[in-house]
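These notes open a run of structures that come right after.
What follows is chain A paired twice: with chain B in the first complex and chain C in the second.
Up next is the complex of A and B:
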């Protein structure tokens, strides 16, 4: 099983997910099977962590031809960047199966399929394969929002569908363009990401293809102003789906920019880095301010998440090692903190049937452990030193200042914006006097405490001892920066000079 | 290397471990049977006392080193290293940090002990001590951090603890709002701190981002960068140390339990900004203009908050504004490059202000949580020990010779006069008089005259020894700490200044003895005038005044809070509401609506083909197959 560790991590949950959907298990049995499967995936991930060398090259690679004439192959492999995104998912997903109870068995099946497809999108090293997993991972999400979501779930499902399908179509066109360009240049078809790096693209078509990819990923991340699907989808989706969307799927958008845009579209990225960085910064401020106007906890957190994704996206466009490493580190840091917050809010909703901030209060008194966990995730989310949230945010701000002073200064406002809405929400939900509704709030059970505890430990561990993580990320990040700058010299010279001047 | 140690990292670690142990015990037992308070109290005091002993060891180890290399350092592990940025979790004890270390752990230990009495029977007694230990650990990281990034860890950590402890009585909304305000206002300052670090890093940080390397490379900085970095770091200092324009959180912070006000909001955390400026004296000393700006901000803050202090009726608010005012003095000192004078005032202030807050805590404890001074009166007879110790603290605060505050404040004022900043000096003397006035107004109203609330007075009693012993110890400090830095005029040798010298880039302001005498005479005169007016108005008992005109304006602290509310808080919330309720759904959403419109149009176009007759579909198929066959035929040609 370990020879094909990546394939196993992908297909084990997909196969079991399908089985859970087809075989009439009880809800509880389905949940337990899901837990077992996700724990197995985690175990494989941990096992892989210890044999992972972090050389900056692809590891655990697997290759099988699918359509030889078209050069489409089943290629998997991970480097420091993708491996950490993969592990983030592996660590977080088992928690869902502990804390989200009493759902139909299809719900758990959908969760498993998404989890597997996400692992596939992360590990894929062939654009066509990536595209397939990218699409598969969304389908169960549509079902989860559409079938198990809140009262306005239909509108939310249509909106996320429209957005992401449009993005996907543009990406598909761009993928075909890249394949054709490869064929025109080398006389054979290939969609292998490493091979495509060798392409010397230029001109308007390349720019169009760049935007095809960029739009697809920008929608998924999302980058302002393409975020408007997010508040509705995050709010209406059941907590488990919101968790997957925010903690992992959004991060795959970030990851995809690094994996597919940086090596292939270096000159275009360098050329458009400043406007893209501005879009990210505007998004971080805009969504952060919007969060203070929310009445629903989950919607507030949706905007918060969008605001933080602006910080992560900014880290991509600064094109220096600090910012990029910060972004990759923050993928995991933000996934843990935001994922945890969404799950905890889901538990509030489960227990009290409301998410309205005005209806809540005094929960800290009723449930100190719950409040403590929430507070740790919240503090990580606002980037308190000592938690995982600080390292990434600090590196990104530092890199942003190097890239463009004005952008850096605006990016640093995240320090202020974040605490405003978070503390306000914490005050109204956890402090102050409780009411009849919150008086019955029960604290986390032993099993729930145990499920969350590893993530709490991880948040603190990544804050205090980030170096073991960074040491594995940095070589891959350094490779990408080098690739971008190497290709940048052939075209986009003006923009590159601008970046170099900042050094 | 002789300067590396292995125990420095232990100093912040001990209280952090204490906090974790107490915190988890609390979380683990809060649903069932609780552990006894005595157990938690002992556990909580262990770490502070051990750190104090280690601080003493640090002091003596440093003394054993030659002046040129008088520092101890320890790099515990590489915190993070990305490209040219290499940050170690490292600690540095030099004369400056060792002085801070001594009084932080000393007052910290006393206040932990005092809190055992003050917080007795509190329902989350253990949680309080977990926070207090966490605070001490963070404060020690702040003080001992070997570079700005590690300092920032402590800096934000103490901010968090401050928030948690201000919001401690969290059922009451106003307390939590005060906590939020403290955190948010401090974050505005931290925005400056982070940017300052970033600019400093890109200028010289690749040569090492710890104080020793930075100091060595500081000469490579262009002046514009130094000015920018110094101003940004000072923005951080105005947040943490409650200076204009960010002082507004500190008076509200009095919502926390009184020992917290003593430890965090008087003796230790709020002086971090002064410490930071002194820490970066190797930068600030190069840009005198920025220093003068800081000094003016400080002295104006001192003046404004002294005015507020003269009209407050809450005993803790009087002391809070007094803290803001004294911090202003400290900034005036460090701004004028009299770093040791500023730090010395930090040091003496820690004793007498902690003493005054703990004394106020005893009064509040005795009066069953009454804080309005106009409900008190004549308490001298009921609380003799509290009265005497508070009197010592007040004399020190008011600057009566030879109490500690006199020497440290005088040194700052003397520096202003000697460096030719007569304006700052004059304001400083005026504030000295006002300080004497508001301090003794408080003393006279609370302890003299006759009781205003007979019932509360009858039930008032001196608190237990666990609370009064720390008062006495601090009173001794408030009385004698000034002698540690006795100037030559009084036959002293300025030991503190000499001790601090290796850490600071100080410009000694040399002036004639006559200048020194003028400075002292003016301060003493101001003290007597202030106390005299206070005595005339309140010495024999007085009724609660009704404020009109300027007095009412000052009582309402010049309506600065309302002003900020109108120009910042409300617009921010309004914009947030506008985005949330209108802009996001109607304006930003336009791309999505365009896409949706496109799909809909395409849909209605294809709908025309969906006629529902089998014969129509048959025709589509025939047409489609024909076209495909044609294309295939073409490609096989």
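Up next is the complex of A and C:
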């Protein structure tokens, strides 16, 4: 099982998810099976963490040919960055199975399948394989929103599907273009990510291919002005799906920019860095302001999430080591804080059947542990010093100021805007006077407390003691920045020679 | 001569089977179920014969039969396999259909078998008169099949439209063949290739004009823009199994002929590459626009068939004569055939008495009542939309790879844009099936043959997507 640890982490949830859908388990049994599967994946991830050397090479690599004539292969492997993202997912997913109860078994099946496909997208080292997982992870989300979502769910499913599929199909064209370019240069087909970094692309087609990739990732992240699907999808989706979308799927968008765009399209990225950074800044301010006026907690959080994703995206386009380190750090920091907030809001909705801020109040008195956890996640999300969010956003803003002072100053406003809407919402929901509805609010059960606790600890730990994390991220970030700024596309050459020898 | 016959065994089997079925139905000695089972048996035998390689000669790239009138190669063999499989699954699913529709006639299966024999001949034909004979065998059988529900106004309208326009296409073809004969002095494909190699295509106006006429006739049959207008009404009016059969088997056989004609000489594609380019683009977008506007499922599938023709045209334009591009076309046809036949098999089972469930709205809430049927249909729709891990995705991947390889970047990108558009109408059905409450009890056909057929095809679609074969 451990020999193919990545394959197991991908296919164990998928297979069990399909089984849960097909075999008529009860709801509770399905949830427990899902919990067991996700814990097993977490266990494997932890086990892998201890044998992970951090050498900068791909570890736990697996290769199997799929279509030899086209060089398409089942290639998996993780390096520092992707392993980090993979573990984030593995840590967070078990919580859902503890917290979200009494749903049909297909719900849990869908969750498991998405979880597996997301792990696949993170670990894939072949662009076609990446594309396959990238598409598969969306299908269960589509069904979860449509089957278990809010009143306007149908419109939300169409919106999210059309947006993301347009992006990813154009990415498919770009992927095939890269393969064809590789074939034209070297006489063999390959879609291996490392090999493709050796391509010497230039001209209009390369720019188009760059935007093909960028569009797909910008929709997923989302970057202004491609964010319009997000408020509807996040609000209408059931809490578990929103959690997956915000905590993991959006982060895969960020990760994919680092993994695929930076090494292959370095010159194009340098060339378009300024307009892209502005798009991110406009998005983060716009979504922040939009969040202030929201009456629905979940919608408020959706805009907040979009705003913070703008900060993460900005970190990518500043093209310096501080900002990139900050972005990678923030992947985990934001995933834990936002993911938790969406789950906690889902619990409020489950218990009180409302998410309207005006209907709530005084929850802190009824449920102190719940309020405490909510506060920690919320403060991490707004970037209060001492929490994980501070470190990440601080590094990004530092990098942004270094990149362009104006952009940096605008980006820094996100901290103020974030505090405005978040604390105001917190005050109205948790303090102030309670009403009949909130009087019956029960606190977290022991199991739920236990499920949330590790993540709360992690948030605080990352905030107080970030050095071990940053030490692991920085070399990878350095490496990527060096690749982009060399722009001669030389660093891929060594890897390329290696690939050609294999053929 | 006798040794040549060995290669024709599948064709002979199907033809003899067809005659046998016709005789049996003439004397009304058998029931519908038996007739269907016999047809399935004939197809199964022919399929197995086709699968077995014939002697050591079989490894040659191709075998020319009867002085070059017919040709057997891997391409024709795989095309025949797809066609025979289409026949098999149509025969299988039509039993469910006829339980809910009273117009079943014994001739149905005989005619379908005749059509299949004509289609097999079409894939192999290397001479215009033979192509014409095969084409007419297919067309005549299908005209009758389209109109076999005599009491239905829609069906009558369909046959009238199809017959009249089809006759025009047939006339175009004959005209073209005559012109080619005038230009070359022969109707054999080899002679045409030689003539083009010696004098060039445009130096021989009779030949060029004749070939253009022939291309137009074939374009009519596979619904290339601007010859596509008939297809929506005809598919809508024809009985469900016949529609599925036309959409898959007929398309496969005509594309085999098209590939044969276009590959006669590089000059042919070279001369008309611009025309083919625009026809492809218009085919893709006309199909999408028509499909987006439909409320009826069959009409949507008909229009989406136009779009799939567009994808196949991309492959035909990008085809470079090597074995790879030929197999791209075949792979896509197989993927498309499996998904389309699967949907029509599901509809045969679910559409109710006299096809009463026709529109998207009629399938609202299907997933709540019949989860397995809905899941299977969803798989077919995702495959047609080209979403992994299905056969449709691999097919589309191959086509786009071929287009990029041939330098047809614009076509590749336009193909992608068109598949974004097509998401809309495939998703619509999934949303209707899954995200609405059911108002219908969805009583279904008493025969379970169509759902079995759909399950087998769904397994094929997933298997082709998960274990992509190297082609």
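Keep this in mind: the second predicted complex is superposed on the first by the 487 of 503 C-alpha atoms of A that agree within 3 Å, B and C clash if a C-alpha of one lies under 4 Å from a C-alpha of the other, contacts with A are read in each partner's own complex, and residues count from 1 in each chain.
Heads up, the rule we're going with is that a contact is a pair of C-beta atoms (placed from the backbone, for glycine too) under 8 Å apart; a residue touches a chain by one contact, two chains touch by 3 or more.
Please read these numbers as outputs of a predicted model, since none were measured by experiment.
With chain A as the common reference, the superposed partners chain B and chain C clash. Look at A:139: by the touch rule set out above, it reaches chain C but stays clear of chain B. By the touch criterion defined above, A:321 lies against chain B but remains apart from chain C after alignment on the C-alpha atoms of chain A. When both complexes are overlaid on chain A, the residue A:39 reaches neither chain B nor chain C. Of the two partner chains placed by the overlay, only chain C lies in contact with A:177; chain B stays clear of it. Contacts of A:166 after superposition: both chain B and chain C are touched.
Between chain B and chain C, the partner in contact with more residues of chain A is B.
Applying the stated contact rule after C-alpha superposition, one finds that A:19 touches neither chain B nor chain C.
Of the two partner chains, chain B is the only one that A:231 touches; chain C does not reach it.
One listed stretch of chain C collides with chain B once both complexes sit on chain A; from 75-83, 201-209, 255-263 or 381-389, that stretch is 255-263. Under the contact criterion defined above, the residues of chain A that touch both chain B in one complex and chain C in the other are 162, 166. Against chain C, the residues of chain A that register as touching in their complex are 66-70, 72, 128, 131-132, 135-136, 139, 143, 146-147, 153-154, 157-158, 161-162, 165-166, 169-170, 172-173, 176-177, 179-180, 183, 205.
Only residues 324, 382, 386-389, 393, 397, 400-401, 404-405, 409, 412-413, 416, 419-420, 423-424, 427, 431, 434-435, 468-471 of chain C touch chain A when the two sit together in their complex. For chain B in complex with chain A, the residues that touch the partner chain are 26-27, 30-31, 77-83, 85, 89, 149, 152-153, 156-157, 160, 163, 167, 170-173, 176-177, 179-180, 183-184, 187-188, 190-191, 194-195, 198-199, 201-202, 572-573, 575-581, 584-585, 588-589, 591-592, 595-596, 599. For chain A in complex with chain B, the touching residues are 159, 162-163, 166, 224-229, 231, 286, 289-294, 303, 320-322, 325-326, 362, 364-365, 368-369, 372, 379, 384-386, 390-391, 394-395, 397-398, 401-402, 408-409, 412-413, 415-416, 419-421, 423-424, 427, 430-433, 443, 464-467, 470-471, 474, 478.
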